[in-house]
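So that you can tell them apart, the chains are marked A, B, C and D in the order they are listed, and the count of residues begins at 1 in each.
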C-alpha cells in the first residue's frame, strides 16, 4: 500500500476505507488510475474488513477475488470501501465498492468505478501469513 | 508496470509473458509479492494477450477479472503468462497463469501461484482508452 | 425457470425477485437446494433486472457471473433478489442476493445464502437472443 | 443432475466429464441450453473432479465459482470437462471447460462455449454435506 501511496481512512467492526491519491506511479498514460492499483486497494479494503472480525493473532489470506471495472478511475481521490458480507469460521465473504471522488464547482461527487467480491481465509500460526 | 518493476518477456499472437522481480516495493512484510502486484501483472498479461488479436488502433479495457491465489508468490521471479481463450467481436476471454520461479541446487523450478480469467473489451476511438 | 419451478415475484425498474419452492427436482440428496439451481435463479434475477433498463426489443446475454455460496439453501422458499449496479451502453453489472426463507414459531426469517455478480450484455436483432 | 438429464461420461484421478443431451427441460425458448444448466454441469464436473482427490468420506462444497459464457450452447450434446488445477488441504481450485458437440457431414466437432473456475472446500463429518 505504501508503494501505491494508499492511506487508511477509516476502520470499524467489519468495515474499512482506503484512499488513494492518484499520481504518476499508479496512473496509466492517460491519467486514469491503473486497474491494478484499483484492484489492490479494493482487495486490501475487503481483506482488512475481514480481519477486523477475526480473532486476535489471526492473519487473513485472499483465496480469490473478482473485480468488475465500471468506469475509468479518475479524480482527486479513489476510495475503496470494504465491508464483510458474511463472516464464517473458515471463509469470509467481503465486498468492496470503489469510488472516484471529483470536485466540480466546489461540490464533492462520488462515482462508482469498481465492485469487488473476495473470499478471505483466516489463518492461524502459519509463519509469514499473519497480518 | 514500471512502478512495479515488471518487464515484458515475450509476445506472440494471442500470448504475452510478463515478469516481475520481487523487491521491497511490491512485497508485503514477509517477503512475498503482494496479491495486488500479482493481480496487476496477471491482468496485464491477459489484457496484452487480447490486444495482440485486436485490429490496429484498438485499445483494450478490462471489464472484469477473477483471480484465484493458490500459494504465496515467493521466488526470484514471478511470471505471468497470458493467453487468449476466445477472441470475440466485442468481448475477449483471456486467462493468465502466474508462476513463482525458484532456483534450488542450480535447478530452476516453477510453481503455479495464481490463475486469472478476464473479460476484455475492445474499444475504438474513445479518447484516452487506446493502448 | 419452469423446469426448476421458479416464479417471478416482483419486477420494478432495475430490480427483479424470483422465488423457488424447494422440491425433489432441485434438491440434492440431503434436502438442500442444489447449487446449480441457486445459481440459475440468481443469474435469472440479475439478468431480468438488467433487461428492465434496456431499450424495447433488446435481449440480454450473461457474459459472466461469479457466485459465492455462503450457506446451505434450505427453507420453504429460496428468494433471489436481483438489482442493477451500473447500467452501461454495452455492459451492465447486476448483483443478486439469494436468501433462504424459514418459518420458526410463526416468524418468517431470511438468511443470506449466496451472492452473485454478473456482467450482462445488451443484444439487438441477433436471431434467437432476444428475451 | 437427474433433473437436467445429465450423465457422467468419465472419471479419472482429478478429472471428470459430464454430458447433457439438450431437451426442452434445459433449453430456453430458442433451442439453446440455458446458462443455468450449463453452469450446473460445469460446477458439478469441477466439484466431482475435486472430490476424486479428497480422502475417503470427505464431501465437497463449492465456495464460489465464476463462469464465462462464450457462445450459445447448441448441439447434440453439451460436455463439461472438469479438472483439478491445484488440490490443497482446505481449498481446491478446479476448472471446467464446456463444449457444444455438433455433427456436420458425419464429422463430430466441438466448440468451446463456457469456462468455469471454482473454489471447492473439503468437508469432513458435517451432516448432510458428504457427497
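As a convention for this text, contacts are C-beta pairs under 8 Å (C-beta built on N, C-alpha and C of every residue); 3 or more make two chains touch, one makes a residue touch a chain.
Please read these numbers as outputs of a predicted model, since none were measured by experiment.
> If you check the contacts of chain C and chain D, which chains show up for both?
Of all the chains present, those in contact with both chain C and chain D are A, B.
> Could you pull out the chain whose C-alpha mean position is farthest off from that of chain B?
Chain C.
> Report which of A-C and B-C is connected by more C-beta pairs in contact.
A-C
> Determine the centre-to-centre distance between chain A and chain C, using the mean Cα coordinates as centres, and give it in whole Å.
So the centre of chain A lies 27 Å away from the centre of chain C.
> CA centre of chain A versus CA centre of chain B: separation in Å?
Inter-chain centre distance comes to 20 Å.
> When the C-alpha atoms of chain B and chain C are each averaged to a single point, how far apart are the two points in Å?
From the centre of chain B to the centre of chain C is 32 Å.
> Among the residues of chain C, which ones contact at least 2 other chains?
63-64, 66, 68, 119
> In their complex, what parts of chain B are in touch with chain D?
It comes out as residues 66, 68, 70-71, 85-86, 88, 93, 95, 112, 115, 117, 119.
> What does chain C use to touch chain D in their complex?
Against chain D, chain C makes touches at 3-4, 25-26, 30-32, 34-37, 39-41, 43-44, 61-69, 72, 128-129.
> Please output the residues of chain C touching chain B within their complex, sorted ascending.
63-64, 66, 90-91, 119, 121
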